[in-house]
Amino acid sequence: MLLAREQESEPFQKLGGQEMLKFTRRNAIAGLAALTAATSFSVVSSVADDRSSIKIGYAVSKSGGNATGAGITTIPNYELWVKDVNAAGGLELPDGSRLPLEVIEYDDRSQTEEVVRAIQRLGAKDKVDFILPPWGTGFNLAVAPLMDKFGYPHLAVTAVTDKAPEFAKRWNKSFWFLGGGVDYAEALSEVLSAAQEEGQINNKVAMISVADGFGIDLVNAARPALEDKGFDLAYDVTYPLGTSDFAAIVNDAKNSGADSFIAFSYPPGTFGVTKQAQVAGYNPKVFYTGVGGAFPVFKKISGGQQEGVMGIGGVQSDSKAIQAYFAHHTEEIGNPPDSWASAVTYSSLQMLQEAIRRVGLDRDAVAKELSTGEFDTIMGKVKLEDNQLRTLWWAGQWQGDNFSAIAPAGGTGTVAPVIPKPAWK
Amino acid sequence: MTRTVLFAIAILAGLAILALAPAFLGEYGLGFMVSLMSYVTLATAWAMFSGPTRYISLATVAFFGIGAYTVAVFNETLPYPFVLIVAISIGALLATFVGFATLRLAGVYFVIFSFGLAELVRQLITWFEVNITGTLGRYIFLPFETRHIYWQLLALAAVTIGIGFWIRQTRLGLALKVIGDDELVAAHSGIALARTKVLLFVLSASLMTLAGAIQSPRWVYIEPAIVFNPTISFLTVIMALLGGATRLWGPALGVIPLMILFEWLSASFPDHFSIFLGAMFILIVFLLPKGVLSAVETRLARLKREANA
Amino acid sequence: MLISTLMFGLVLGGTYALVALGLSMQYGISRIMNLAHGEFMIAAAFCAYVLFDFAGLSPLVTLLIAPLIGFGLSWLIYTVMMHPLVKRAANRGQLEADSILATFGLLFILQGIMLVVFGSDFTSYSYLNIPIDIFGVTIAVSRVVAFGLSLFLGLVLYVLITRSRWGATLRAVALSPASAPLVGIQVDKVARQAFAIGGALAASGGVLVSMFVTFSATGGVVFTMKALIVVIMGGVGNLLGALIAGLALGVIETFVTSYFDPGLSLASTYLLFIIVLLWRPQGLFGSVRS
Amino acid sequence: MTALLKLADVSKRFDGLVAVNQMKFDIKKGEIVGLLGPNGSGKTTLINLISGALSPSQGSICINGKNIAGKRADQIARAGVARTFQLVRILPSMTVLENARVPAAFGAKAHRGSEIDRIALTHLKKVGLGDKADMMPGELTYIDQKRLELARALAAEPEVLLLDEWLAGLNPSELQDGIALIKELQSTGLTILLVEHIMEAVRALCPRCVVMNAGTLIADGPTNEVLANPDVVAAYLGDEYDA
């Protein structure tokens, strides 16, 4: 069995980069697919003639612990996209004809085994045309081997992992949209370092992180990144998922003398820390939060004092397309999207839609197109690098009503950070 | 004698058919069977201890999770069979501790204790990973296809039911039955309560640990929040109780209808799963307090009596 | 440092005590282990949120309404669901098992309904999130209010139960449901009252907690767990015990956070709980029944 | 002849309340002794101490010279002590035969295989339940349930049998049957300690009695003498007045 594993892993160690995208470890099959890709146009259009819809399937956490995350970022965007496509008469195929989307959805109940089975069901029983990914890093990884096996392009949007390059090679039809912890941590340390050079902040940082894969990935990346830039970690603790009281933690952070406060947190922690900081009159010059800081509800939670709060993600707030998307989302779903993964999710769907318009329903061809093509999305022009979205915004800040991107510095659509953050009233 | 032989042949034939399932079931059907076998193992193992002793344990996921997590930690450094052995050892060690707790706790105290234990294990593993190893979230890349996992789980389920059957033939089984009826009488009849309960709990927990270990390669990515999902404990309890926790085949028979029901619910009513699940619980408590098997037997017995009268 | 840690701990502990009072009533006197306790709290929290956000109603006003609804609803649930189980149960063990399973079902139903109605978003709002200085320690007014109210409710109930005639019937039922009828107590009525009061307490706890905690439709189990730990540590049915255990738990968690490692704060809770369970199953302060 | 069961200085305290106070007496092999005393005098507590349901706060309890004080109930059962319960305790989910098989399998001798069934059936026959072996105990009459409990105690093949008000609640004719049954057991050489309120039975069965009051031994001797003892009379009368 061990031997088998070695054999399996060998090809993708030898092959790298672009080469990898064309040839897979199932060389024969891929070769065949490449051959048929050229002729797929006619094949698909003939198929399209006797079909009345395009079947899209997905399994997301509608109940259980992950329901909250999925309910904010993933589900509304799937629903919005399906609505938009069907309102336009359906998904456009290369021959200009349109077919409406038919959706099959399952609740994975926040259990990995269920999400794995749901993908098997979608792929083997329902035989849907495309499968949209589940929510969460762990769940996307759990379904990745199956998506690969069934030959579905896997648009892993809500997965933050530093191993994305490795995974993109391992499963060559998988696409990783949200970067890894290192990206966010390094971008943040750039922002802080720039501010320190300007003399805006001292070299001390107070950092807290939530004890799960996400928090640990980020904090492990942030420690060396910050120390590299000469920062001193005056306070650095990890708190368990489920912590509801941050009085002691914020108090200790306040006493650390750091000008910068970083929380690699999840929404309950983000909200709790913000409220506690306000109560404690804790006014660091930089106040950075993790997931939840970019949620629209954050304005309400901070009592309208979100100005200057930094966080993970961010959008190009002056972009017309983003503004239109926010308005559209608010209108159709009832509340605005979050300013991190929501826009990315919707963009990934736009890419899928466009890829199908260009090459049809052949999944290998779509995967190839996703991998090599350039797409117009609400995030602007997007082209994947090594099956990963790299033109992301890594950090944002509330400026006025928008959570605007501030990193990478000088990147498209980013604004200059405001430091120090205005004090809480 | 011939009946026993026939029975054995029927069991072997059934096993053979199940073992051939990958040949005629598609990927989806096989995935379903993986879950089914996993829950048959969990529910049967759960009932092995909880059926006779009436201790409702919510620690199932503590062992299941330990199994999965052990594989995640060691899958790259140890050969697979050794990983399984390590998993069982850790599971059995923890089970010994829990087993001794049963000597002091009963009723709702044990229920809460077992639930708290699963949470404690999760918190401690998280803390350990964060502070000592600095990696939270581990990967399992074992070259198993669905069918490999299915075969392993089928074997485990068969072994579990086999152990359940064997226990019923032995003094241990008799001892358990007595403990279930009346602990005081059991003690005064010469049955060592502590040893019997701990032994059984360790046995049952080891099987649960193995189930988690075998199933884990399906998930690729493992972190404590994923493998210590309390829903698994709850579902195990409800499945075992539906079928009847005091019968050998009860738990297995409880798993099948519920799995099918859940499958249907999550497909047909993805937004209302919780509500249906809750309603199921209440219905079982009110209508089938002793499980389906027992209800059917009572009904049959009544029909027979009426026919005789 | 010490004084602030102690204050933070006490205030947090006040929340825990508040969460636990209702369950202590329900389990201690009605003998129903209500696993849907946390869902009741979340429902009340949503109630407070909706009224505050859309009608501008202060949660402190909701605090007058929600317990009434909680009382009525729990009354109904006891009558429809629990009473048949109580009547059917041959012994305490069976009632415990049945009530655990039934309220477990209730948990999922309530959670499912809230998911459908409110969705799965994290919900939070700011009310009385203003600082107040006590002994030089800055604390949110909302938390102080919750702390004060849990003390108040806990003590009032304690006095009522230990000093009043009505309280004596409650204790009689808690001590010996079998012999209480012999002295003319309607066990069923008393148990229903206690269950309903527990529901009212859960609702008031939910409203208060909603002012400073981020909650979601699926988050009830966290409250239930904390409540269970406090109830069992304090001694089943012992309201004063629950109050003290709640405060103690808060202080311990905060001390672990400040002086040891925040990563172990929850683990320390469970560890303490398991030790107490094994060492003194009747709770630190004894139960009314022992 | 040495004592089979020897109690020395046995006491049991519950949170300061002394339930059994320095009890001391011997029972010889083959003897049948009545344990008397008013309600609440500590008789059942003493039975619980001997059988291991409770462990004594101090003192020693020896079987054949081996101290069993503080041992677990199952160890004491295997050491040769069997008991019945004041309120009948049968195993409801098992047949009459299975009930009797339990101590045969787990008692002092720990029989194996078919031997278990043989022993169980022998003792069922001895108490007159031979033809009811396949019934469920719930279907038995009260006296038969009592018989079953006795058969279960006997199937352990004990050295000492502790009977806790085994004759209570029987009607006059059942009582005569019961007395005859115990007499028969005694004739096989079994040692019996009998807690009983029915004086008729005590006089008929026990040549010797031990009397307790408020946890303390107040008399030990031939039954007739003991029952005439003024202390014993006072204890019982006091009990009557209280009741």
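Think of it as A, B, C and D in the order they're written, each chain with its own count starting at 1.
Note that in this section a residue touches a chain if its C-beta (ideal position, glycine included) is under 8 Å from a C-beta of that chain, and two chains touch if they have at least 3 such contacts.
Everything numeric in this text was worked out from a predicted model, so none of it was measured.
The fewest steps needed to get from chain A to chain B, moving only between touching chains, is 1. Chain-level centrality, scored on Cα centres against the all-protein Cα centre, points to B.
Seen from the C-alpha centroid of chain A, the farthest chain centroid is that of D. In this assembly, the C-alpha centroid of chain A lies 38 Å from the C-alpha centroid of chain C.
Centre to centre, using the average C-alpha position, chain B and chain D are separated by 42 Å. Between the CA-based centres of chain A and chain D the separation comes to 75 Å, rounded to the whole angstrom. Centres computed as Cα averages put chain B at a distance of 32 Å from chain C. Residue positions of chain B touching 2 or more other chains, listed in rising order: 123, 126-127, 130-131, 271, 273-274. Among the residues of chain C, those in touch with two or more other chains are 111-112, 115, 261, 263-264, 266-267.
Counting partner chains per residue, chain D shows two or more touched chains at no residue at all.
Taken pairwise by the contact criterion, the protein chains fit none of the simple patterns, being neither a path, a ring, a star nor fully connected.
By the document's touch criterion, interfaces exist between A-B, A-C, B-C, B-D. By the touch rule above, chain A contacts chain B in their complex via residues 1-2, 4-5, 8-9, 62-65, 104-114, 116-118, 120-121, 123-125, 137-138, 141-142, 144-145, 149-150, 163, 211-213, 215-217, 220, 238, 240-241. Here chain C touches chain B in the complex through residues 27, 33, 81, 84-85, 88, 92-93, 96-98, 100-102, 104-113, 115-116, 221, 225, 228-229, 232, 261, 263-264, 266-267, 270-271, 273-274, 277-278, 281, going by the rule given at the top.
Within the complex formed with chain A, the chain C residues making contact are 4-5, 8-9, 11-12, 15, 53, 111-112, 115, 119-126, 129-131, 138-140, 143, 212-214, 216-218, 222, 250, 253-254, 257-258, 261-267.
The residues of chain B lying in touch with chain D in their complex are 171, 174-175, 177-178, 180-182, 184-194, 246.
Chain B meets chain C in the complex at residues 54, 56, 101, 104-109, 111-113, 115-117, 119-120, 123-124, 126-127, 130-131, 230, 234, 237-238, 241, 271-286, 289.
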